[in-house]
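Here come two complexes built around chain A, the first alongside chain B, the second alongside chain C.
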Partner chain A sequence: MRVVVTRSIARPGRTWQPVLLIALTVIGTAAISVWKPTALVYGVQRAGLYAAVAIPMALILGIVHIVNLAHGELMMVAAYLSYFAARLLGLDPFVSLVPVAVVMAIFGLLVYLLTVKHALKAPELNQLILTFGLAIALSQTVNLMFTSQSWKLSLGYVSASATVGDVSFGVFDFVYVAAAIALAAGLQLFLKRTRMGKAALAVGQNPRGAAIVGIDVGKTYAFVFALAVGLVGGVGSLFLAKQAIFPMVGGPYTMKSFCLVAMAGVGNIVGILYCSLALGLAESIIDGIRGYAGWSNMVFFVIIIATILVRSWRERKV
Partner chain B sequence: MRKAFVAIACFALIGAAAFAQGVIKLGANWPLGDVSGMECSKAAQLAVDEINKAGGVLGKQLQLVVVDDEGKGDKGVAAIEKLATVDKVDVLLGGIASGVAVAQVPIMKKYQIVTVATGAAASASVEKALGPSPGSDWYFHLHPWDYNQGQSYFEGWDAIQKKYPNVKISKIFLAYEEGAFGKSSFDASNAIFGSRYTFDGASFKSALQGGSDYSAALEAAKDFKPDLFIWAGYAQDALPLLEQSKAMKFSPPIYLGAPPAWPTDIGKSPLAEDIMLYGMWAPSINDISPISKKFSDSYVAANGTGPTSYFAALSYSAVYIIADAIKRARGTDREKLISALEATKYASPLGETITFTPSKIIKHQGIKNQKILQWQNGRQEVIWPFEVQSKPLVYPLPSWK
Partner chain C sequence: MTKAVRRFLPVVVIAAAVVFPFMAGPYPLAVAQSVLISMALAVSWDMLLRSGQISFGIAGFFGIGAYGAALTTLKLSASPIISILLAGACSAAVAFMLGFVILRLRKVYFAITTLALAEIFQVIIHNWGDFTGGPEGIVLPSLIFNGDARSLYWLALASVLLACALSALFQRSRLRFALTAVRNNEVSARSSGIAIFSYLMIAFVTTSFLQGIIGGIHVQIYGYASPDSVFDANYTLLPLAMALLGGTYSTPGPVLGAVLLGVASEYLKLKIPYGHLVVYGIIIVLVILLLPAGLYGQYRKRVKARAAHA
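For the complex of A and B:
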């Protein structure tokens, strides 16, 4: 998708937006804490997972301008790699995280060089079909190799719990919150403080201009794509620690990530943290209302439709 | 005249020889991308190979033609169309999902090929669509209907409470995945348990659909304080649910999982210890049934690992039931084959002898009983029916360590 990036990938939105978001977050947090404290805890944890998966997608979309519909499937492949590292080499997912991320980055580079690179100038629809095809190819290959049987590591620490008053809850999922914050902060630092990051930002904003000033656009795209796949690979390892894996496990996360990226605005990495929090809390709150848990699926659709409507309304005003 | 007689006799002999040397085609559909479907296909092929090795049926070899229904109704319909018109199979078998079966019923009614179904539990859709006898007499349903399952559980828990006086059940909670499978499980359980027990439930989003958080359903269950906690979801939910239950310090006296299949390695998890489950076959039946042991050993020898769900044993049984009926019917003539199948008495690997008796709507229902099992030392042990009990019940579920 060839999107004209009008805002910096690393730049936050208008000044009133974060303030409003923070205010809403504080009010919402207080209200949920009174009504159902566990909804708050699990909403935040869920948000962490969503954000950790979505941030690498935002990086690709913001700089390479490709909607990677194989994003969740790449995470799934990484989770399988991590699973085999655990089964065959006895490596804990937290240990295999780095090697798996490196392997996935190399795999991402190959995917970029063999497929994505050749579709950069193609119409947006072709790009979407390409990554959609990649997603199907990855999930079906894994299905053929390992069947649809789900696999899950049994790790004692994922059941770690804390008790506050008479409420007990799991604490492992805060790992995803930490991962999301680390990813967002790390990418901000990378994009603002490093030579390669600045080059990537320049390419994301204006590829032609970047090329004129001597930046190798092709290499930058390849690097960013590989980096994002490596990052989602690392998230895949963490994902494996808690979740059961199977060939189709990645699909829903592609959709959620796309929703979050669209909601936050193309390339707005920090915005993804806020949007994930909103999505995670909203889902968790609706889940907590007896008899209406199924409606939490609607949140995702409502958000994506509302975002598109608001964006088109704003553009018309301009 | 004499020449004509000789010619006719020759043709008849050639024809008979060709018939004798031919094959009996069994057509099957299962979702081959799904591990249970693939296991069904392997188990049925194992039975075919065993029968062929022993000389076949009426001097003919059995041939199994399997079509992948992908777990989708339209593919299931296309599978029947192909098996009936292109492969021209003599008998049909197979199936897992009710959604596929209900879509197949109209085309199956069109061809009326004798069928031994290994799946489809949803009575409200599939059995209703089949309709009563004689219109559905060609359909032999091996798998229990949902109301058979519910009734079986009801009887099972009654029997367990009688045998183990310390087991007291008055409150049952069902956490169910929010799709059709979970919802129908809730409705069926509510209809059966609701009259006798205090019954409640809450839905969750299965990991199969991208869910990862069971806290809302577990919290509702924890508040309810059930004596029997049941979850109806998929294999992908099994261990994450247990982990989250432990994290939330939710340990009811009986914790029971009712997924269609369990993850292969769940028995290795200490969290699975003493968790109960419903099923029809488990490797522990090998200890008390030589037929089960023969099936299990042959399956492992052919495929390297044992089956993970009871569907494999059902499919294996289906082939033997068909082969036996063809032998007794002296061929594949439809009416004679139906009569022969009606007289089936097959000592199956499931630990029971399969016969066909009427159910609520159709005339030919095979298995009506489920089993109540428990994970003990990484194995599924049969707790009820007591005739096939392999280990005593561990009760209550020890608190999470």
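For the complex of A and C:
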């Protein structure tokens, strides 16, 4: 038992490698059997969106050690805010991104102070049920206020396309790829270079030790939670630019984000980029096979089961 | 509460529930019937929770049961009661096969995977159109008992009694100690020689069997199953909130919670037709923060404290 624990702490980020290998092999064979270059492009774009949503969740899980089942719902709320900014104030989602992120950070801080903070010492199951309740409360409040109808902005620039050789594809979604990479890089810099970031990292590794050396653990938790909600709020604004929004739109993203974070290993932000790539490509290739488009939602389920099995198999071998 | 009262209270409650249709009009009867369905689900959810594994997949096994009953009625022309039992068997079989994989997962991983299950089942049923009727769903040719409201109510009541009986059996047998030990400390449970996997499997298959039966009853009552209707997330949300409010790790807790929330939600449904579910979300949050033991748990605590005091 002891060996297992040391091993997983010593190499926190390696669990995704075998899974990724399997996933890429499967994807490779699938890609060869139904060669569609557009599937690859759309897979990369989809991966960008998944990673951009998942990275803030990884931040909360890695430092506050809370699985936030309301993660996708927070993104949904941000998308609605951004929608109203566009409709009432005429703001483009790329402009309202910053104010929405700030508002969401404040909202995240409130959520933390009112609910999550009081469950930090509670059993893990209670925390899970709490954030599940939050997710329901958020999505149903939006449902109550704006009905379950789906809304969409029609922006001209999202249908921009490019042609390479004889293949033409939409390019707007590369925004998500850029956002994901920027988030990953920015967080790495924040956690490694800034005073606050280093403190957050220390709290994430060992809250008691961090408290002993004089870090205010409570404040750090609050800050990280608010920061993560703010970031996912910004992503929600970008999400709105292209996608239709409705109260239940966030749910699948919560599950997929968790799947990616689990696959990458807690605390491994760069790993999320690779894992999203595997998930995004797999989904978009299955979507590309005629007659099987509906099955792509099963991919992440297979991946999460495979991840856990590979992990338990590796641990048993030790 | 004295011992005599405690022994007779369940009998009185059951007797009252059985004769209820003779005293109530059609509307209260219909409400009671839907409350009973959620109540049975709430009890079954709590049974697995006692092992420390939280399932967000109630709707999944409920839906499998619903489709199991609908398909066996249509394709095998099974009689309604047989089809309900077969529905339970379907769910139990699926749970048994999946159990080998997902019962190796713990806590968060288990919870998220079960959350995904409902969606996965829905995708399969949705896309397997030739066999399951696809997105349009299945309409049964006739209702059970020709749709007689009282018989339907008793059928729903029977599912609650079955759930409560199994739950009481869980509480009185060695299963209780095994599951509690797993919940409190799995490592020490394992080192005390408890066959954790077998006990979890028993709990998982039993609760899925129950949820399948309830799904089967649901479909026989309403005569209709579609991927969107029977895998609705409400079948996870309502029982969960009911069990939490009433008090987990017990049989009376979920029953109490179901009565309170079921009646309250019926009232709210009339006031706010869309989005009355927000109340469930808020109740879940408030219960976890303010009353983690639930109403019945709080009552038990007080009784214990008084006993210690006296």
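Criterion: the second predicted complex is superposed on the first by the 284 of 318 C-alpha atoms of A that agree within 3 Å, B and C clash if a C-alpha of one lies under 4 Å from a C-alpha of the other, contacts with A are read in each partner's own complex, and residues count from 1 in each chain.
In this section, a contact is a pair of C-beta atoms (placed from the backbone, for glycine too) under 8 Å apart; a residue touches a chain by one contact, two chains touch by 3 or more.
Small disclaimer: the values here were computed from a predicted structure and weren't measured.
Because the two structures share chain A, they can be overlaid on it, and in that overlay chain B clashes with chain C.
In the superposed model, A:V67 lies in contact with chain C only, and not with chain B. By the touch criterion defined above, A:L49 lies against chain B but remains apart from chain C after alignment on the C-alpha atoms of chain A. Contacts of A:Q149 after superposition on the shared chain: chain B is touched, whereas chain C is not. Using the contact criterion defined above for the overlaid structures, shared-chain residue A:G294 touches chain B and also reaches chain C.
By the touch criterion defined above, A:Y253 lies against chain B but remains apart from chain C after alignment on the C-alpha atoms of chain A.
Contact with chain C, but none with chain B, is seen for A:L128 once the two complexes are overlaid on the shared chain.
Of the two partner chains placed by superposition, A:N206 touches none, neither chain B nor chain C.
Two complexes overlaid on chain A leave one chain B stretch from 99-107, 225-233, 243-251 or 315-323 clashing with chain C, and it is 99-107. Chain A residues 143, 147-148, 252, 255, 294, 297 lie at the interface with chain B in one structure and with chain C in the other. Those residues of chain C that touch chain A in the complex are listed here as 49, 52, 54, 56, 101-102, 104-105, 107-109, 111-113, 115-117, 119-120, 123-124, 126-127, 187, 237, 240-241, 244, 272, 274-278, 280-285, 288-289, 292. Contact residues of chain A toward chain C in the complex are 1, 67, 115, 118-119, 122, 124-126, 128-130, 132-141, 143-145, 147-148, 252, 255, 258-259, 262, 294-295, 297-298, 300-301, 304-305, 308-309, 312.
Per the touch definition, chain B reaches chain A in the complex via residues 33-35, 38, 178, 202-205, 207-210, 212-213, 215-217, 219-220, 234-240, 243-244, 246-249, 263-266, 268-271, 308, 400. Across the complex, chain B is touched by residues 38-39, 42, 45-46, 49, 143, 147-152, 154, 158-161, 163, 168-172, 242-244, 246, 248-249, 251-253, 255-256, 284, 287-288, 290, 293-294, 296-297 of chain A.
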